[in-house]
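Multiple structures follow.
In the two assemblies presented below, chain A is common to both, partnered first by chain B and then by chain C.
On to the complex of A and B.
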């Protein structure tokens, strides 16, 4: 069974998205910040990550960059699901790209909260097959 | 002393985004990560469930907006909107996040334009082991303190905590233009000393101030020593005379300084001071 890691500090979101993931026939795993998220990615190698941005300890922005600059993990697809505007995410990536002298690829999809369940399910199916 | 991670605690009365922005010069001192925090106090009969929900929603909307701006500048950002005892919640976030600096505000007395350091803030200042900036951004009608680290004034009582305040300021050397260093000789310390004894004490303190300023200049900080006699209200006078933008001091555990800074006389001083106060335990 394919595994989907949901990284979000909002329990309401992780509960709802976990249900959508499981209803779609995948296994849901949860982490509540970027630090926990990276630990889970390394331990469980998920097939897809649904990632929030504004979280305690480590944001989704930092986790996304860690993931996309880690050779064995960089091909794991990511859907960003966040209240942070898509525009801000891409601007932050641009600044960080310039600072690090290294650009990271765009996520597979970016959904601004509140999510439409159908949209998320469709995206997961499209990415995971 | 590094300042990589800052906890910015706001109740949306005194500290808004412009106050946070005034601290962004800390990036030159290594600031990488801002943790935003709002605490909805849990008081029986204070807020209804509906009011608490609205307060949290309002905080969330503000924080998303602030975080977007911080992210767009390449900073790392996180947020906490929690309910409970303010002091306990701040202490737990400090531990969880490992922050290097906490920024809090004064409280506004309801119905009056006067500010005061409330009992929660004092309790927190007594308990914390990391530097705290009591930020005062709005310094008067139409006036803001948007460069608090530009001309700080360090008040030293030669304690280890004062030395830590020096270390903290050294970390800000890329931001500050000039540092004023003062030592206040209290009337208590002068009691019983004859004229000669007073002169010796003055000479000794001037020597120590000179040495401290020399060591700061060796770090690349332009520093100017000043000796005052009186009580801690002289710190405020010195800050005004020297056009300081911030007062920094160590918070000594058992000395009269802490009692003065964190007890009621100091409370008064912090209340009336227009300047942000950086307290280093």
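On to the complex of A and C.
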């Protein structure tokens, strides 16, 4: 069974998305912030990560860069699910790329909250097959 | 002598009259002559000569009588009496009537010249004296005017002052009470001047200081500005800034003066400022609230989706999860609405006799269960010397609940794995009329950025869990209570929030009774 890691500090989001993941026939795992998220990624090697941006401790932006610059982990597909506008996120990525002198690939998908459950299900199926 | 001096000769002997007239006219006098006393008086009345030569022995009105009448008409007239030899009685009589000089018959030219010279000198001296006197009177009048002008000026100065100026004599009775004083104290001048004194007008604390000062020199210093609440005629408690002085003369106490500045307008503006700052904060962060509401909406939407799913597929698990989500988010809406209402409402502290330790204990009890669930210990550190005082127990309860729940959150947000988390609630009964509450934790702490934003806007670090209104409400309640709130925090080490509240001692709640209440 393919594994989907949901990283979000909002219980409402993790509850709903977990339900959607399970209904689609995958195993759902939950992490509350970026630190916990990276631990789970290393431990369980999920097949897909659904990642929030605004979280306490370590934000989704930091976790995303950590993920995408880590050789064995960088190929795990990521869907970003955030209340932050898509445009703002991509702009921040560009700035960070220039600052760090490294180019980080774009996520597989970017969904602005509130998510449409059907859209999310379809996306997961498209990515995981 | 520019003008010729008039000289009157009264003598019944024609020879004498003629000789004197000729010789005196040649000396430069304007000479008038009369043969009889009555005639001499008539001429005197008409011509008012400055020197009169009169024979004593004359038929009809004699020289003594003439002298008497002339002196009545003009006491300054120089009257020289012409006497026969050895007429001592007449001479004494004439002296009593203020005759200037005597000439013995037969009149010798030298004696006449000397007598006239002396008369002239006396006239000159009198003239000078008169000029001096006139001058002096003038100067006194001018000085009086100047004094009056200065006193008017000072009176106007006192009258036109917006501040109250109240002066007393050395007995403490009020002698100066300006318009500014009438505006603050509410009594008209007529009810105050010499009718009221320090004790009946001033708050008791100031009055007794003035009394001490009036009694002894140098013991009392009231000069430093301080805030004093006075009670006006209609019972209104008026906040003022006060400064006073004991007035000293050369060596003794002359009286006292008090200056009062009305602070009502300033206090009103301060209130308004606090209100408008709060409105501005509200405006600034409507976006923040909107964001928070949006999050709740997502939660509701997700809940509805799951409930629909559960209904459609008759699946109890989705139904339950969805329903929980709906309930949780309804709770968040109700929290938000309550916080917003609390924040926008103007509230006066409701003073009641209460025990600060009991309130703190109640709050600890309320939070203990959920704290234990997360492995956080709540420690009660209450001052055993705490007394029952007048405070607003409901407001304090809310503040402490807020701070303790924040402290627990700070522990939850702390990434440390091996810390033993502790929330300490401390109470201290201070000697300066305040009660101090301290809520400290050893949780995540704050960096400077967060600490700065803490009280300025609807700022929350709790990402969707907090409205960002909790601390603002706490601060609002504390300020309405006339207290202060401060924070001390170190990232990774924890935070301490300190609330100081002035308590009241009075027997009842509400307005302070007349007396030395100083806010």
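Here are a few things to note about the model shown:
Keep this in mind: the second predicted complex is superposed on the first by the 129 of 129 C-alpha atoms of A that agree within 3 Å, B and C clash if a C-alpha of one lies under 4 Å from a C-alpha of the other, contacts with A are read in each partner's own complex, and residues count from 1 in each chain.
FYI, a contact is a pair of C-beta atoms (placed from the backbone, for glycine too) under 8 Å apart; a residue touches a chain by one contact, two chains touch by 3 or more.
All of these numbers come straight from a predicted model, not from anything done at the bench.
Overlaying the two complexes via chain A brings chain B and chain C into a clash. By the document's definition of touching, both partners, chain B and chain C, reach A:83. Legend: residue contacts after superposition of the two complexes on their common chain; A:117 is shown touching chain C, with no touch to chain B.
Of the two partner chains placed by the overlay, only chain C lies in contact with A:12; chain B stays clear of it.
Of the two partner chains, neither chain B nor chain C is touched by A:40. Within the superposed three-chain model, A:99 lies in touch with chain B and out of touch with chain C [touch as defined at top]. Residue contacts after overlaying the shared chain place A:55 against chain B and chain C alike.
Clashing C-alpha atoms between chain B and chain C appear in just one of the listed stretches 24-32, 60-68, 204-212 or 258-266, and that stretch is 60-68. Chain A uses residues 54-57, 83 to touch chain B in one structure and chain C in the other.
Those residues of chain A whose C-beta lies close enough to touch chain C in the complex are 9-13, 15-16, 19, 23, 35, 54-57, 83, 113-114, 117.
Contact residues of chain A toward chain B in the complex are 33, 53-59, 61-62, 83-85, 88-89, 91-92, 95-96, 99. Of all the residues in chain C, the ones that touch chain A in their complex are 291, 294-295, 297-299, 301-303, 305-306, 309, 318, 321, 324-325, 328-329, 413, 415, 461-464. Across the complex, chain A is touched by residues 35, 60, 63-64, 67-69, 71-74, 76-80, 96-97 of chain B.
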